[in-house]
Amino acid sequence: MQRIFGLIKDRVGALLADGTVDRVIGWEKGEFLYDHTPAIFNAEDDLVDLVYDGFCASNLSKYLIDESKKDGKILALLKPCDTYNFNQLIKEHRINRDNVYVLGIECRGMLDIDKIRALGIKGIEKVEEQGDELYIQTIYGDKTCKRNEVLLEKCINCKGKEHVAYDELVTSGEDIPQVESNRFEDVEKLEAMTSDERFAFWRGELSKCIRCNACRNVCPICSCVECVFDNKDSVVASKANTDEFEENLFHIIRAFHVAGRCTDCGECSRVCPQGIPLHLLNRKIIKDINEFYGEYQAGQDTNSLGPLTDFTKEDVEPSIITEKGGEK
Amino acid sequence: MIFSYYPGCTLKTKAKELDEYARKSAKVLGITLEELPDWQCCGAVYPLAQDEIATRLSSVRALVSAKDVDRDLVTLCSACHHVIKRVNHDMETNEDIRTKVNNYLELDEDYRGETNVVHYLELLRDVIGFDELRKKVINPLKGKKIGAYYGCLLLRPSKTMEFDNPENPTIMEDFIRAIGGDPVIYPYRNECCGGYIALNKKELTQERCNSIVASAIEKDADMLITACPLCMYNLDINSTEQKLPVYYFTELLAEALGVK
Amino acid sequence: MYTAEREMTENVLRISNVNTRKCMKCGKCSGACPAFDKMDIHPHQFVSMVEKGDIEGLMNSKTLWSCLSCFACVERCPRNVEPAKLIEAVRLSVIRKQGENRLKADDIPVLLDDELPQQAIVSAFRKFSK
Amino acid sequence: MSIEKTEDSNFEPLIVAFCCNWCSYAGADLAGTSRLSYPANVKIIRVPCSCRVNPMFILRAFQRGADGVIICGCHPGDCHYSTGNYYARRRMTLLFSMLDYLGIERGRTRVEWVSAAEGVKFSTVMNEFSKTIHELGENKKLRDLRCKEFLD
Amino acid sequence: MQKIGVFVCWCGSNIAATVDVKAVVDAVSHEPGVVYATDYQYMCSEGGQSQIRQAIKDFGLTGIVVCSCSPRMHESTFRKTAISAGLNPYMVEIANIREQCSWIHKDREDATEKAIILARTAVAKLNLNRPLTPGESPVVKRALVIGGGIAGIQSALDIAEAGYEVDIVEKSPTIGGKMAQLDKTFPTLDCAACILTPKMVDAASNENINLYTYSEVEDVSGFVGNFTVKIRKKARSINADICSGCGVCTEKCPSRKAKDEFNMGLSNRGAIYIPFAQAIPNVPVIDREQCIKFKTGKCGLCEMNCPAGAIDFKQQDELVERQYGAIIVATGFKPISLENFDEFSYSQCPDVITSLELERIMNAAGPTKGKLLRPSDNTPPRTMVFVQCVGSRDTSGCGKTYCSKICCMYTAKHAMLIKEKYPDIDVHVFYIDVRTPGKNFDEFYRRAVEEYGVNYIKGMVGKVAERNGKLLVQGSDLLADDQIIIEADMVVLATAIEPDESARNLATMLTASIDTNDFFTEAHPKLRPVESPTAGVYLSGVCQGPKDIPETVAQASAAAAKVIGLLAKDKLRSNPCVASSNEMLCNGCSTCENVCPYGAISYVSKEIRSAGKMEVRRVAEVNEAICQGCGACTVVCPSGAMDLKGFTNKQIMAEVDAICR
């Protein structure tokens, strides 16, 4: 990851210097080595805090909604999966394209600190990356592991290394191995269960929700001017769990609000403090859309009609669900 | 193209030529008719009563053995085609009959009417195609004016038999043209010859056959063809006034293909 | 009150699975029947007599033994009434009784001739005896 | 620990039916004028078009105690607003699939296209649906997905 | 808090028989917001309505709930009552406790409990109603009539008579429709052409009526008062303005193989032809499939011989787009195909014909110049057999389940006309029931039997078989309990009729509802028989159901009266239950714009004060004149900014809560 970071840093510096952009949004070192936070750097001088390594998973396109409204041009460092959200927000007129200069940066897949710890590696001080190897300096001595063993869920199911929106690309030229994965594997596992088992699974998961709204706040698509859950005179009550209707079904209603628009970027599950696999809800809708209405990847372009705002005369009837054969 | 074949009892005895010519012609047309290993008599008449199970079993056994080798079941005699196809329809649509038959037969897998029942003529029309058949004809029956005699069991009831337009069929006329003959269309070709009534009311059969033959002759047919041994017998023996030679359609087919 | 007549009618309707009320009395079945002249009770009357429950009259009629089962009435009936099934149901009500078989084994030899296909004998037996 | 289905026969299912004003509501009226009966536990809410039915209404109905929800609309192609029922058809397919995915019994939700001339069909559908819901028993699962009452 | 009055109607015994009306009144009076509740035998009567008006005044009601029959019946009545009492008409909600409660539940306790829930639901919704004022939309003062038969012509004449402009679109080269093919008409036996052609000429000469013949409607958009219709004027290959209708070209045309549709295929016509002598417009048309010039590029005889030089092979279809305030559907009918009825040997014997073919044979301008001859050998028939109900009253799937209504009368007419002109012909008619209801109709049929000796046989034909040039008609004679065989020279089949094949696709274009037999469905058989449920679309003639010419003309004038009533208005009150967007919540994401079937949503950037500062935002705006209130946009809008007045999210949620309480 070192080489690409250098290339990026130079490019950012150059673009800032020659005035094409007047500020850049990237990541700055966080409190620990694994929680780099999105940050805006205004001038070339304070790029020292800019960082790009295996822990820059957060999706910067959401910030561009507000940033692109300000005057002046902002440089955005977007990984391939972030560019799908960028396109979707362009389609929904939420980002002012002219005020954003997109720098498509190469990504080898981001790391999951919990998985590293799960390998028994504790007291981490420093993480060095050499190709597919991770050299981790801990207070108990040096450890190594393979990058692919500790990838984030969303990177295991990476949607491919091409950027679907960019003004300029920065790549290191090295070929990046693609992890073999079946994106809908977990969804299929759930579908194979009986309905009581599925109910027990979701009951277990959703009852862990503490309504911190992290999933909604991180989701680039779930960025209404005023969210229906915050709006006191909407049909669903306010943010706190005042009435059990909204508390129970918050996740299902949210899944439906983003249905056909969610690019499956996996951020909701990544940030959930309770570790609820929320992406399995959205991914189920995506799987159904692909199955019933043909392959559709939200954010692939900026003009196609989303599946829920489109139809064909020969669409399948809803009874296909109710008659799906005996109690699977 | 391999098909399971259900000859039926009469084609082993009195109607041997119907079967023999069918097999010879099939070989030339590249069709393999694989006779079912152990078939039984279909009962010759379809049991109209809904509560009769025993009289349906032999047909279901034939259908199941075709299903086991995953092949369509070809029939030749009109009566066998009628009975087996209607029993198959029951097994597909009538839950009560299906359950009782499956309970009785205790098959390892319930039979639900999966096998396709195909008459030999439908084989010529839909599988081989009459144009293809015309190409294989080596001595066409030039100048022969042939009246097609359908009888009742192949065409009716059309909602189940789905053989052809019950009142204005064309399959046999197309067949005749394909083998080089001139089809003669006469109005009584889809009227009943009397069938089994020959045994207890002979004069009724004679009356039926006479009007059929008279109508064919009036349209100046030289001969009639049929697919049913009982129609053959009645038209031959029980037409007491005018007379017309009656052949099995497979005989003419074999002649046209030069394998007679 | 539930008489024997009522029970026989129920039986005929159950065996035939025919709904006689669908008949609009147009008479097309009788118009199309090739064995009309040999019948004392004609197909359209057959349907209305079953509807009225007069099964006794039907069981003694010659119609049972003249019907060719050629399905002309079934095919051409505009209301899906299927008269042939009613005739067979009443015939079965007769021959299913003890000793009521219309065609016995020893009637056959005199009827034989060397051309007669056994299809004729099997279908006659299936129709006229149980 | 699976939820055993109580088969108490005096259980009266509560069914909410969303009917589109132009076709199925008129079909329901025709069932009425033809005096065709169906269970009284079916309550109809009139909406301008089947595309007006928001998943939130359906989830709210289940959560408030409905045992079955049925959405009726015009036959595809006959919609008074020409495309409304096409959108409803897609949305409901995905919603039913999601509910099934969450472990809710498949038979609890249904879409039925009923035209203004199909009074008989309307009453048959309602009778059938009410029988299915009666067999499925009371809807406990969606009443409280967070299952406060189950955890104790 | 609302002050709501609830009025529970007995509807005579229709509701009161199975719903305990008093219990409903009592239960609903405790609902929040209800200050007055009462019941009355006939709420929709003058007495009932005055009770409502009085209650509004006495209690200062802000809204009323009427528990009565379906809103589709009397919603407008009770809204008018509210207006007359000074209450906003959209503060009225109806609980349907008749069609959807008392009429379908036998058990009194169940019905009452359900009525209470339905009443409670209506009150819950009304609590959240807000007064709405209907918008106004302009009315284009022009009507469109689709179909140029007697129905279309009569409607157009009546509308033109009232001074409004009318366009008739007819897909065949001439107006006149099926009636033009008839010889005589019942019950007066006057000649069809004598009563039709004057109306055709009036239609052609009336300056308010524009004829679009050989044209088809291709697309309809918009709504009542403002329809936009695309009409395709198919290329005639003749310049109609300079053609004098001399007909020289039709004589010179060498291609004679085409079957003459007007004569039901009983004779041939040239590739260039005028359908019949009195055709309006009297301009020929070139059938491009038959014309040798179009097929091989050679010939062009018509062009050479045309004195006016009107032939124009290069002519292309023309697409015309026009606005209309109202549309009348008058697409008419056609006989069904008889391929499923070959027991009558229709497709095997030329002497077995349909009644419409007989009309052409007996018509003086027909293929046999009015002489009754057998199509097979042109010899006069000695014996004729008519067969009724061919394809009608058929539930076997081959034909139509309904009775086509007009066959008994026209068969009696044919029988009488034949016996009148050729007394020695034996005429037999096989019938199931002779249906000749109404004024002078049965007398007309009895004249055929008693005065002209037509032999009516109660029975049905089983088979028609041709032998030695004769037709053996085998049928049953139920009264004689006999099977008879008649040796006939001609057999005439009274064939069932079905709507024109353009009906189904036209219904989709108009979003008008249509039943399984492809007849247009009327809004209400008794209350609104000539209107489609789709506002602005009216039904005239057989497109709505089988009927004879007298009824068709009556319905045509009725439809015209409705259209005149609509066009007389300058402004139409448009439905106020339309979508509205809350700009504070709108993300400007265009999702609603993508689903709106009418394109009623557009986007503007607006200065909006949010969180203390002004910012320019892209927000949705609904054009209330175009929006029809379907609500598709409200559901795709994640933030709930888009809502539907009259059916808001909160109202529907309140109804759900009221039902599930």
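A, B, C, D and E label the chains in the order they appear, each numbered from 1.
The working rule: a contact is a pair of C-beta atoms (placed from the backbone, for glycine too) under 8 Å apart; a residue touches a chain by one contact, two chains touch by 3 or more.
Just so we're clear, the structure is a prediction, and the values are computed from it rather than from any experiment.
Looking at chain B and chain D, the chains that touch each of them are E.
Touch-path distance (fewest steps) from chain C to chain D is 2. Counting C-beta pairs in contact across B-E and across B-C gives the higher total for B-C. Chain A and chain D have centres, each the mean of its CA atoms, that are 36 Å apart.
Annotation: 32 Å between the Cα-based centres of chain D and chain E. Annotation: 68 Å between the Cα-based centres of chain A and chain B. The geometric centre of chain A is 76 Å away from that of chain C, both derived from CA atoms. Residues of chain E in contact with two or more other chains: 343, 397, 463, 595, 636, 649, 653. The residues of chain B that reach two or more other chains are 191, listed in rising order. Listed for chain C are residues 72, each touching two or more other chains. Every pair of chains meeting the contact definition is listed here: A-D, A-E, B-C, B-E, C-E, D-E. Across the complex, chain C is touched by residues 343, 389, 393-399, 432, 458-463, 474-478, 481, 483 of chain E. On chain A, the positions that touch chain D within their shared complex are 190-191, 195-203, 206-207, 209, 235-236, 244-245, 247-249, 252-253, 255-256, 259, 281, 284-285, 288-289, 292-293, 307-309, 311-313, 315-322, 324.
Looking at the complex, you find that chain C touches chain E at residues 22, 24-33, 36-37, 42, 44-45, 72, 76-80. Contact residues of chain B toward chain C in the complex are 8-10, 13-15, 41, 43-45, 47-51, 55, 77, 79, 152, 155-158, 166, 191-192, 194-201, 204, 208, 228-230, 232-233, 236-237. Those residues of chain E that touch chain D in the complex are listed here as 70-72, 96, 98-101, 103-107, 110-111, 113-114, 117-118, 121, 507-508, 511, 513-516, 521, 533-534, 577, 595, 597-598, 628-632, 634-636, 644, 647, 649, 652-653, 655-657, 659-661.
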